[in-house]
């Protein structure tokens, strides 16, 4: 079983993922979860981490088992701090965006 | 004509008839705008259109804060400046251009490094210049006299310094930024909403970034975001509509698509606006000297401290 | 520096280093922009920022078409014009300001009522003026020499005339409009997409509208839409990103929200771009004389003929 | 049975509906339709027409049994010419926007 998610990268993060700004991700449900429960943001981050080809790119988006400071995570256009953070459960069709903060003027 | 009754001068009525005709805005809000004070920090790609539209829209006092000079590579996105301004201080050149847009007899220009309070005078437009730029020593003094502050700067350290000064002085902060084809906009520290440090607790170390020199910007992107900063500032000043407080707008010019995300609320543990704020003197000093727009617009910097 | 290799002059390399640094844009697209021709019809609230950002972004030839003079009530949303320009022709005042933004030695100004073709010359910026405005007699001639046309006008009849002329001459048309707190933007007749008449077959009879005099506009709304018109024109000229062809952007400044709607395709029965187009001489003549921005911005007009 | 729709008015049309730009409408399913079929755009237009208080305002939005020229109708952000026009069937949660064309500059 897998969960289908729309995952978006902005602010330069798309460079890590073959310059694709909007992607569709099929994330395998982990054994401890029933299909109805979907997948967690933690699982999605692990899934995305495996797709980063250059090891030096990992730190541009991830730090430890979460995202690095300066990257805002949105679940269905809502700050993940309001949806449960890394434990947020995602279901088929959900949208996740990784927004890198911009500073240029 | 009847609008003079609310307190607008005859010149203001002639000039602002169109905004007065917008039912939900009207002469009362126009008057409020004409008697309010806005500060633009950074008069570059964002600050050029922001300062221009604040001036033409009729703000009473406009503050301009920047230490930089005009470079040839600025001209493509900073239409306040003429070709012959290259090498001159931005603030002085901006004053020259903005002065042309208003009635010469109504214009007053003030040089200021301090925090003295300026009154708005009916029928006049005052520009106040802060040509030393923003430093840890002057930041609170610079923002103190204004009703709203626009962050049009180009580097993380100045942005955090400005955020902290605005929180300490109780000023709403309209944050704009742009890199490449993308732009961001929000309103911090307004109506109980979050500040910059509530969302991103610490600045990144831009110096650790090695891809910055590859980054540029297309001129219309800061153009667009700067105009929207003037829009949000005017909404804050006139208590009009729904501002972007607690929401962040992200724009991508490549497909002309934007989304507006709902942000977390004010964070009680925030070092700046939280319940037990940290001593601001321990907070960051902006990068000294001339911050290159390209270096400063680093968008994939490695954090100086792990999360 | 190496960008001179693609054909940019040394002055262009200095001026446009930032857009050249944007990987997906780069020096090749910048060169293409520097050697292209754009026409701005209507140099008012939309045309001011559109013409400004096209100039600073480096378009090779800029056409300006407007018959109107500067009014005091224009100043709040038309930052091309100085206070002292009131009463003067808009196009002449716009040329004066835009000339200041570029290298004086590179500037060439052409008066033109005809359709003679101008070559773009490396390192130069040409402005061509069309001071009679757009009429049924000159419309096709005016648009013929350009690569893209921006509709920055303020009344339905001129908009339909311009649409029909662009279809007949095969020109993409970047349509912008604004009223009150709202703005709209799309690209017509481009890449096989629809034209104005595919979506709205006939202009409304603005004269039948009795609420128009109640309608105004806030200055930053056309400011925003005008900058985005420059953005879409530059995307068309450089074949960059995804334009708004076949999509319409609607923006509301009151809550800073936009949506982008998917439009129907080209309509085979369209009187303008359809398979059997109507003789354009039977189509509408723009309102004679001075079209008031307020009358023209009528947004709830009663149609002259029932559906 | 009724269908719940999000209906938006722009470009001045909101003035006809108490200056509400975003509304929620509960439209009764007509007898000839089963609840699963939802309601048609035709039914929604009739439903909205009844809410227009001033008779002279009707012509600002409607003409005969359809919308007047110059008003673009969007069903879930898509031109209704692509979704079936006045016969488009709407279901619970659908968004309909009435966009009045703007001409000001």
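We just call them A, B, C and D in the order they show up, numbering each chain from 1.
The rule is short, and it goes like this: a contact is a pair of C-beta atoms (placed from the backbone, for glycine too) under 8 Å apart; a residue touches a chain by one contact, two chains touch by 3 or more.
On a predicted model such as this, the values are computed, not experimentally measured, just so you know.
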Fill in the blank from the handout: The distance between the C-alpha centres of subunit B and subunit D, rounded to whole Å, is 40
Completion exercise
Whole-Å distance, C-alpha centre of subunit A to that of subunit B, is 32
Handout entry: Chain centre separation (subunit A, subunit D; CA means) in Å
Key = 37
Exercise for the section: Can you tell me which residues of subunit C touch two or more of the remaining chains? Expected result: 180, 215, 217, 254, 260, 293
Problem - Arrangement of touching chains [line / ring / star / complete / other] - result: line
Problem - All touching chain pairs, where touch follows the definition stated at the start - result: A-B, B-C, C-D
Handout entry: Contact set on subunit C toward subunit D in their complex
Key = 42, 44-47, 152-156, 159, 176-180, 182-184, 199-202, 204, 206, 215, 217, 222, 248, 250, 252, 254, 259-264, 293, 296-303, 306-307
Exercise for the section: Using the touch rule from the top, collect the residues of subunit C that touch subunit B in their complex. Expected result: 14-25, 49, 52-53, 55-58, 72-73, 75-79, 81-84, 100-104, 180-181, 185, 214-221, 223-224, 227-228, 230-232, 234-235, 240-244, 247, 249, 253-258, 260, 293-294
Handout entry: Residues on subunit A engaged by subunit B in the complex (per definition of touch)
Key = 10-13, 15, 21, 59-60, 63-64, 66-70, 72, 74, 77-79, 81-82, 97, 99-105
